[in-house]
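Next up is a structure, given as structure tokens.
Naming follows writing order (A, B, C and D), and every chain is counted from residue 1.
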Amino acid sequence: MGSTALGGGAPARVGLAPKVGSSSVRVRASVASSPQKQHSPNTSGVKSGEEVRIAVLGASGYTGAEIVRLLANHPQFRIKVMTADRKAGEQFGSVFPHLITQDLPNLVAVKDADFSNVDAVFCCLPHGTTQEIIKGLPQELKIVDLSADFRLRDIDEYAEWYGHSHRAPELQQEAVYGLTEVLRDEIRNARLVANPGCYPTSVQLPLVPLIKAKLIKVSNIIIDAKSGVSGAGRGAKEANLYTEIAEGIHAYGIKGHRHVPEIEQGLSEAAESKVTISFTPNLICMKRGMQSTMFVEMAPGVTANDLYQHLKSTYEGEEFVKLLNGSSIPHTRHVVGSNYCFMNVFEDRIPGRAIIISVIDNLVKGASGLL
Amino acid sequence: MGSTALGGGAPARVGLAPKVGSSSVRVRASVASSPQKQHSPNTSGVKSGEEVRIAVLGASGYTGAEIVRLLANHPQFRIKVMTADRKAGEQFGSVFPHLITQDLPNLVAVKDADFSNVDAVFCCLPHGTTQEIIKGLPQELKIVDLSADFRLRDIDEYAEWYGHSHRAPELQQEAVYGLTEVLRDEIRNARLVANPGCYPTSVQLPLVPLIKAKLIKVSNIIIDAKSGVSGAGRGAKEANLYTEIAEGIHAYGIKGHRHVPEIEQGLSEAAESKVTISFTPNLICMKRGMQSTMFVEMAPGVTANDLYQHLKSTYEGEEFVKLLNGSSIPHTRHVVGSNYCFMNVFEDRIPGRAIIISVIDNLVKGASGLL
Amino acid sequence: MGSTALGGGAPARVGLAPKVGSSSVRVRASVASSPQKQHSPNTSGVKSGEEVRIAVLGASGYTGAEIVRLLANHPQFRIKVMTADRKAGEQFGSVFPHLITQDLPNLVAVKDADFSNVDAVFCCLPHGTTQEIIKGLPQELKIVDLSADFRLRDIDEYAEWYGHSHRAPELQQEAVYGLTEVLRDEIRNARLVANPGCYPTSVQLPLVPLIKAKLIKVSNIIIDAKSGVSGAGRGAKEANLYTEIAEGIHAYGIKGHRHVPEIEQGLSEAAESKVTISFTPNLICMKRGMQSTMFVEMAPGVTANDLYQHLKSTYEGEEFVKLLNGSSIPHTRHVVGSNYCFMNVFEDRIPGRAIIISVIDNLVKGASGLL
Amino acid sequence: MGSTALGGGAPARVGLAPKVGSSSVRVRASVASSPQKQHSPNTSGVKSGEEVRIAVLGASGYTGAEIVRLLANHPQFRIKVMTADRKAGEQFGSVFPHLITQDLPNLVAVKDADFSNVDAVFCCLPHGTTQEIIKGLPQELKIVDLSADFRLRDIDEYAEWYGHSHRAPELQQEAVYGLTEVLRDEIRNARLVANPGCYPTSVQLPLVPLIKAKLIKVSNIIIDAKSGVSGAGRGAKEANLYTEIAEGIHAYGIKGHRHVPEIEQGLSEAAESKVTISFTPNLICMKRGMQSTMFVEMAPGVTANDLYQHLKSTYEGEEFVKLLNGSSIPHTRHVVGSNYCFMNVFEDRIPGRAIIISVIDNLVKGASGLL
């Protein structure tokens, strides 16, 4: 993970996103998956005893709860402020009883939040709202935004997919896309990190290196992805009731899921040309977890094993991206609760094609896990 | 099943509830359970070729959908009117796509429903509303109400548990409680049938005969019941999201579930004295199904086998109540989709006590299945 | 559905498979989906009052249980013999308690089965075994085989995929592939019907007509399919335990699922040239249901709407294949418990490509539902 | 948690059970629940830098996997030996892929295990076998046994419930029952700790203090308990297949679950008289989690609030037992993945009675979590 403290004069308070990840995630041993080491030697950027003071905006949603789960037991972080407008005044433990034993501040409305004792902010608010709120935050704060608001570099594209013009275009310019394994250096110096979406994370981690190395063609990338229901958030919708979801699968947003422009942005940059993908997301009856199955055509003479070897060497030093051995197939169950992305490459029956499968926890590696 | 057509001059149009049940349910072979015979000889009250014309009020909820599922393929029924105020104008198949292949009328608002070609009404509306609507229906219609509005004979008790005074007390007087196996004769001549709740059905079927026969004491009846989530209806509530429900169990309404007065009413009548029960319902991660576990103290000298034999002979001629053999344990899976109640009696380790377990599908035997 | 009784002198006893389907399935109103009409006018091949006497071999598995569920309430069928070697002597209701209320013969070993009062046999045995058993059955019996044993016309291909040479090659010659909507006439006159596999059914129903009409290219057909766990049968395997399966998804058999040669056989016949597909099946945490997502390249000038219209008109008269309207997306929940295949066609983001989604119940339309 | 290092001369190697618990569990932030503090001040018995070397016997089962999950990231433990007879030679990550990123020894057969570099053993073997194996272990090892073999103090009772006479009665004498909150001092000095069963843990934590304080009668304690499927282990049984378990509930072992004598032993000791309970366990469609609902009669004059206050003060200083506030109801989801027991007390409708609900994760607090 190289030097995860992202440089600068006051490392403990700088480059938060990666640091948060490297430490907080490493101490976590989830139900389903545990990281290899508890204490990373790489967190040395944080001076012993220093404590990063955190505000979590929009803490009553699922990504907010994950941020809290990851930080609340971390020795180097302290959550000072938590906001949730509709639940202002409530205890966090009444909103998420599984975290009732944590010692946390009560929820307040964003407008009442006191940032004077805060070093960094995790923003888990809905898109649109996010732009306004972040615009109003004190300049000295480091910000990790988990919404979609600063992910698309092209604000016209933002307007097209989100139905309104961008309200903070100057911040959009400043924001760094937080795909750590790909953009670690840029993230290190960023003030505002736009955390990638879940589908984009699961797709870009395998495809970006392969496209950069010109091992696969970009003309017919077909992706069939499956997500757990938490990806839809905690809003009360009939379609997401247990009775409507259990024991079934269905595709959705076939022609225009909002993660499509984000994925195409990443792949196009890697290809240095416009890439258009086929992307079919499915909702399945599980709380967490995401599987992306990518059907790709290889460049002439390239084999599935070449793809495998390239990904293997690309992610050799990365804790949280793991190429499985042999013909092992990634299961979502293997990574749920963890910050890992497991992936593998398979020969297709059709000559010249390969199948790549990646799995993540949509709420951790796909949202709050950062690295 | 005795004469299920409930008498009167125009039998085909009379005594709907049991008839509906006896025929419609018998033709159904669900995923999970199938009735013994397809054509009941007992539906002879319906003259061959006669067709009962049905209106379903509140057809966009889960119990409405079950009524439709049961009647739409039945040779003696035709659904003429379906209402759903918030979905007026829509096709039923767009609200419940699993029934899209049925030939059904479009949804209309209740106020626009035309009852001139209707013989009988199934009312699947929320409590409170139901009273007003039923008061306004033409007198000649037979009505089966699936709400809680006419179940409690004591309107003061209704007011206490439902928080407002009863708006149709005269109808309350007229209504017959539709627990078919117990009150078949009364139902036969009723114009307005108050269909029992799901928990009350699963509890009264075993306990009423035992109490009447004075085989169990009424002083310490303890019930631990478990329900699938469809019992909570199709309303969009955060608490019933897949993400909140899957893979877990929790009790609710411990001190005052609204089915308690209904159960106590039935048991008290059987006992001819006021019965107070201990009732703890639980919500579990399944769409359908209900298990009630009843812990009872037997009368002096009575054995668990006595309870079993009494229930066995009580329900000998009943198609839809089945005492399991030997030590077979009822599973909710065995009855889901069907109109059956499976039950069995077990000795307790504590001398003098017995454990009775009954299972039903909360949406069929516990709601729309009738008979 | 035209004349589903498959011709011959004694129609009631002939051409069982489609007839079974047309009637038995129509009377079924499942939890999830109900057919349009209860009594098909098309079963006229069966003389009123005539009864087809059935033996079910291998009745203790999931497909056997579905056969029983579908036939036990059907007025024209009577189950006379049920075999299950390891459970010989047991009551069927103790093996499948949800069918305990049916009046059925006890289970016997295959070797003890008496076929003298039987007209037709449903064979639900494992592959390999099936060939031996069917070879030994009386010649006058109609047979529907639900195993994979007679699906592959090329016995060398059988040997390659199943690891042993075919033990009844002469029967393989005689067998008719039972994809009713495609081969109804052949099935009508068959003595031995090889019922298609679940994946092949869900894939061939949409793709065969499109390939025949040359609307899609056959060079790059990519299929991502998802199945419920019942497809793996009732064998006790660690990998299929609830604890291993719940709340997750994983691909399996990526390079060589045994349904691949069956699918390629059907598509190759339609194309009149060898077709090689990309096929990735996934196991998901649901009991029943199957979704196949097919990513296809269209012939030059063809649009997604052309595909839709062709499928629409192809299946116009078919009860059990339903093209959904507009942009409605098929959900597995909509067909579980029923014999329906719902499908729809979607434009892809990549010009010239389309996405086709079909859903079935793997145990009904994909196995025991026939017709 | 008082002093969790359990005394003796070499504290780091002594009193393993509580120490393991206090530290390892505290660092874990599970998907569902996180402990309050990461570093317990109470682990001071472990000298800094000292490392406890662990062997896990029977590591291929679910409790074994949990032990590994909890210890593998703990700074004070190192897993040196892992056994699994049927998977000897395999990598642990191939048996439990969610732990593939851990640095662990390969699996060996018990007979090949080298205990020379081991300080303590966690034994996760089946009952019966366990006795033989533990008898053969070097005397200097600390042992925590997670089987049922040493829980029943009366070896005749063991023989009665387990069907064979005890094979290590002298060890039975020595074993200390590992219900930490109740027997912390005894555990501190033990060489062999018999870890309590899951049901007994969930029942004794609330009932033992109430019985000791004579706040409840012991004559009619009725318990309805519900468990996730992992409690049944990883053995391949038809009854535990996903298809058999999903979407349902059923009782089992009504008259004689093997946890009954263990519970009665604990309650009888607290009461100083023989207690006989009514105990009905249920299996529900979830991987993990356990809820015990206890229906009790209070001593004359005692109120539900008295029970609450007594439990509240009893567990005031305990990290892992939490009395919920007000009328908050414990959900299994709130504790899954954690070492917590959440509980609450409710008034019953029947005067003089109370209802107590406790929830744990059957694999953590109910098995591998210890302390």
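Simple rule for what comes next: a contact is a pair of C-beta atoms (placed from the backbone, for glycine too) under 8 Å apart; a residue touches a chain by one contact, two chains touch by 3 or more.
All figures in this text were calculated on a predicted structure; none of them were measured in a lab.
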Chain at maximum distance from subunit A, centres defined as averaged CA atoms: B
Gap in Å, rounded to a whole number, between the CA centres of subunit B and subunit A: 47
Centre-to-centre distance between subunit D and subunit A (centres being mean Cα positions), rounded to whole Å: 36
Inter-centroid spacing, subunit D versus subunit B (mean Cα positions, whole Å): 41
Junction residues of subunit B, two or more chains touched: 228, 244, 246-247, 285-288, 331, 333, 336
Chain contact topology (line, ring, star, complete or other): complete
Residues on subunit A engaged by subunit B in the complex (per definition of touch): 62, 228-230, 234-238, 240-247, 285-287
Subunit D residues touching subunit B - in the complex, by the definition given at the top: 220, 222, 224, 226, 228, 244, 246-252, 254-255, 260, 276-280, 282, 284-289, 291, 293, 295, 327, 329-333, 336, 346-350, 353, 355, 357
Residues on subunit C engaged by subunit B in the complex (per definition of touch): 26-39, 69-70, 72-75, 94, 97-103, 246-247, 288, 319, 322, 324, 328, 331, 333-338, 340, 342
